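See below for the structure under consideration.
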Amino acid sequence: MESNLILQNVLSPPILFFFLGVIAVILRSDLEIPAPLPKLFSLYLLLAIGFKGGIELQKSGFTGQVIPTVGAAILMSLLIPLICFVILRLKFDVFNSAAIAAAYGSISAVTFITAESFLENQSIPFDGFMVAALALMESPAIIVGLLLVKLAGPIKRRPNAKPMKIGSILHESMLNGSVYLLLGSLLIGFLTATNNPAGVEKMHPFTGKLFYGAECFFLLDMGIVAAQRLPRLKKAGSFLVGFAVLMPIFNGVIGVFIAKALSLGPGNALLFVVLCASASYLAVPAAMRMTVPEAKSSYYISTTLGLTFPFNIVIGIPMYMTFVNKVIPATI
Amino acid sequence: MKRLDLIFSERELEQVLAALEKANAPGYTVMKHATGRGPERVITEDMEFTGFGSNAHVIVFCDQEVIEKIRENIRSILSYYGGVAYVSEATPL
Amino acid sequence: MESNLILQNVLSPPILFFFLGVIAVILRSDLEIPAPLPKLFSLYLLLAIGFKGGIELQKSGFTGQVIPTVGAAILMSLLIPLICFVILRLKFDVFNSAAIAAAYGSISAVTFITAESFLENQSIPFDGFMVAALALMESPAIIVGLLLVKLAGPIKRRPNAKPMKIGSILHESMLNGSVYLLLGSLLIGFLTATNNPAGVEKMHPFTGKLFYGAECFFLLDMGIVAAQRLPRLKKAGSFLVGFAVLMPIFNGVIGVFIAKALSLGPGNALLFVVLCASASYLAVPAAMRMTVPEAKSSYYISTTLGLTFPFNIVIGIPMYMTFVNKVIPATI
Amino acid sequence: MKRLDLIFSERELEQVLAALEKANAPGYTVMKHATGRGPERVITEDMEFTGFGSNAHVIVFCDQEVIEKIRENIRSILSYYGGVAYVSEATPL
Amino acid sequence: MKRLDLIFSERELEQVLAALEKANAPGYTVMKHATGRGPERVITEDMEFTGFGSNAHVIVFCDQEVIEKIRENIRSILSYYGGVAYVSEATPL
Amino acid sequence: MESNLILQNVLSPPILFFFLGVIAVILRSDLEIPAPLPKLFSLYLLLAIGFKGGIELQKSGFTGQVIPTVGAAILMSLLIPLICFVILRLKFDVFNSAAIAAAYGSISAVTFITAESFLENQSIPFDGFMVAALALMESPAIIVGLLLVKLAGPIKRRPNAKPMKIGSILHESMLNGSVYLLLGSLLIGFLTATNNPAGVEKMHPFTGKLFYGAECFFLLDMGIVAAQRLPRLKKAGSFLVGFAVLMPIFNGVIGVFIAKALSLGPGNALLFVVLCASASYLAVPAAMRMTVPEAKSSYYISTTLGLTFPFNIVIGIPMYMTFVNKVIPATI
């Protein structure tokens, strides 16, 4: 792997601010970004990602690579949790295995935009429609996770006679706040681009120009949160630590070969790989906390947020780029 | 009169308030954004942005009668999802 | 009415985000914008509206249509509460009637900016000095509401020996946080444009370019809040529901004819009509809660926020435009 | 010692604190952003941006004497604007 | 069971929580962003941006035993930095 | 002093918004900017100031005036607390004297950026590297303050056996949240400018264009906070009131002569003077509250925030400019 790529990635403002947050915790600085300010940035990023993705999707239309790529992404979000579940069952019960598996089948939007910034830095082109793949990978992973619990697990009686029904599974997976905002903004972006080009123009300063700075601010907070999570990971044991680093690489490698099969260019291929390799710390944990309270939340949050996320944005992205460059010839 | 203190994850707030309404509680006060540690779980404010939510602290001033009606329902919610509930004495000013 | 206009209005980002919020509540998504983030956007919008209005007012000066238009607007904010009061007294006591009447005499800044966006979309010109009319319609309506209570109502003794004095009526009506910020920013915009053109330039990215996106974000929250209010409106009864939809239309129609009498162009005419037709959910409710606690706040908030506001931004604005086009020939 | 819990709309905060000062309360703690439901009114956090405000929860640890001095004043505010006030026992740690 | 209410500046939060952990408190709830006035100091929410912080209100439901263990440690923190601590009775629901 | 300069300063948007906040408190308007929104702006300003300063520092390099100027600034932040301490000891005990002294040795970032806006308004050039001086003056002042307590004061035993160690003094002075964020962003700006010019470009809409507007918003809040502090200052007595106004002038005058000795141009000279004259209300109070709880916080906060800050941004800056113009000939 070209260590040069890692260095270039690390020396970009978003990653530097992430480290600033991490080091603040390590040095015990009292820097903090009080609630609900991180929520503001998180809502903003989802809205902006979705809106811009919708515009791009309208531009590209549903032709060529769009349908196969999005289809393959959804497939991956169904498949990865199954693989993860089998591995995790070696050590954990059904509840914990299913919850962690669902997180890894889903995606991390911030990892995705970090990869986009990385590509822009390297002047490698990519398509906006990849956001559609991002938006559509959250729900299936949640559904698989809940079905695994329903099929494999001994469901205790829930209070208020609320057994896990298919309806409530769909509800939790589609209407989770962040999934809903992302999908809704995607649709709004699409409709606006179709009917109201002036509206696209007027949104640009907010959703476009401001984006990079807001990303940096949010990553500063993510650095703080991730570093606070790290010590708790130790308690989770070395199996989970290994899982949090090796599973993304494994999923990423599968992703590279599927990207090749889909004949994606290197830019789109990297984004596809990052979707496979990243794990959710927004929609999935929230859904799991509600529907599978038997699972220990510290397991699935500490792994995704404390280890997989930092690994992916710092080392993973350049590493996957190297994979992509090896497997996919850059001729687009 | 009694004072009931309920502390649990914000995500169960709707369920708990419904239980209070069902027992005809005369009113209640909700304070969100509480954090804390129970026997197993740690919930910090830093995680709030994830939609994972922090805790809610609900205070109810009511008669013993309401307490009795509420008990079973609240207990089953808290024992399943976690949280604490305590009763103490209170006199109107 | 041209249903085409409604469709064009609905397909703009602000209205689409408003619907996204409404649908989130209907589908029981857990999407929420936690306090005090909506306050941030609300403060921002008031500051930006005022500042930009002040700049425009300085450009146009106090000549031509400015004084008569602003004068007519203030007159309407005194007149409308009286009409509303008479109608509301058919069903409600003095306190509730006066509080609701005051809300309808006042204005909704977000309805106003939605109308501005609508005009920009249609490429219909309008003047910036209309913001001055907006800013000056809040206080008179509050004053009329409080005078109605003072004159028509059996005032209970207030705690701490605080009977309703003229001084405190003026205080509540002029120094309410949002009225004060709007008027203050208007003045600052005016002073800056007069003395410091470079300052106008440097504010533009914040108050100008960002505005449309921030408006969308705020309307997402307004959609959530409005939809949460709607069920409570049912309890208020069909009289109030009818009032919340028919009163704006009635006030709007009066507005159209006054706009014609003032020989306003179609753009300014629409804005004038929207000022007449919209109702306050910021300054007036806050002032009424303090000074007329006998009135049920759920009445004046649910009507203005749960019904009149959505009606105006979705259907009302294009409907009023059709009125304007019928009554006022477009020759400017 | 006594513990006094006052819950009422933030908009009356200044008045209530003035009443506390007048009665020589040794101190007080204010928690804003509380929401809740009383016999008639519902106050939700979502409305906070309107300037309509949410509730404040004020805690006062004080002697019985202060309670007596405070009572009338506070009662007249709360009965007019709404809100609740309860007293309970508390011992310094 | 006992209920312990601690109110003090957020800046001492870590120290206080460490003391609670050391005394094996079964759990605790933290509410930040409280403001208030003590015998000398005034802390308002407006100052929060300065990093000066506002107060934290910590609630602990625990046995008398934990109270005993906690007492000395908490007292020394509060007497040095300011803040109040009160104990009252509470029964599990 | 040219009263014209004061007028020009006062009629700029940041100062006008500051007054809007002050007047809101005086007229008892209920305008408020709820926590943690001011924290958002405060964090944003520190991040943006640091980042832009880092970029400028990279441009200018460590040549010419940079090292001597920064060195002189650090020296001033060590010297000023000593002078202040001697004066304050006439009236106050060691604890209070040291805490107030430290605040005046340190700086106010918002005063600094107001001075920058003032210079831009006057079209007087200045160098970005002055931000480095700003960033490096916070810690030394805190250290001097704590050493004064350690050496001159009768240290009580602290709870949990935490006597004031050199390590914890360094910790409080270097790792205070706002010092850390400012220094960290400076470093990130520097690294980005060195390695990633595209990143500088992409940050500009956030850290550059938005800055002036965000400054105005924050100054609105500062106006509210300062005006709320003012009455408490009365209790502190006339000695402290005099100190809060005369000390900045005194420090400013020293600053002018050092600036002359360093042959700084008038722009840099003004910024240098402002660093000397301003007092900290962020890092120092937070550090003092933790490490010297014996000092009355209302003393050091009310003086710096309630009096010195408003004095500096309204009257001080144009006054110091007049000094600079008298002492330093404008030949660059």
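Every chain is named by a letter (A, B, C, D, E and F) in the order it is written, and numbering of its residues begins at 1.
Methods note: contacts are C-beta pairs under 8 Å (C-beta built on N, C-alpha and C of every residue); 3 or more make two chains touch, one makes a residue touch a chain.
Given the structure is predicted, the values throughout are model-derived calculations rather than measurements.
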{"item": "Furthest chain, CA centroid comparison against chain B", "value": "F"}
{"item": "Most distant chain from chain E, judged by the mean position of its C-alpha atoms", "value": "C"}
{"item": "Where chain B and chain E are represented by their mean Cα positions, the distance between them in whole Å", "value": "20"}
{"item": "Inter-centroid spacing, chain F versus chain B (mean Cα positions, whole Å)", "value": "45"}
{"item": "Centre distance in Å when chain A and chain C are each reduced to the mean of their C-alpha atoms", "value": "41"}
{"item": "Whole-Å separation of chain centres (CA-atom averages), chain E against chain F", "value": "33"}
{"item": "Shared-contact residues (touching 2 or more other chains) in chain F", "value": "30, 32, 34-36, 39-40, 176-177, 205, 209-210, 286"}
{"item": "Chain D, residues touching no fewer than two other chains", "value": "11, 31-33, 45, 48, 51, 88-89"}
{"item": "Parts of chain B lying in touch with chain E, wherever the complex brings them together", "value": "4-7, 31, 33-39, 45, 55, 57, 67, 70-71, 74-75, 84-89"}
{"item": "Residue ranges of chain B in contact with chain A within the complex", "value": "9, 11, 15, 33, 40-42, 44-54, 73, 76-77, 79-82"}
{"item": "Chain A - residues contacting chain B, complex", "value": "32, 34-36, 38-39, 41-42, 156, 158-160, 176-178, 221, 224-225, 228, 232, 281-283, 285-286, 289-290, 293, 296-298, 301, 305"}
{"item": "Contact footprint of chain D on chain B as seen in their complex", "value": "1, 3, 26-33, 59, 61, 88-93"}
{"item": "In the complex, chain A residues that touch chain F", "value": "8, 11-13, 16-17, 20, 23-24, 27-37, 40, 120-121, 205, 209-210, 212-214, 216-217, 220"}
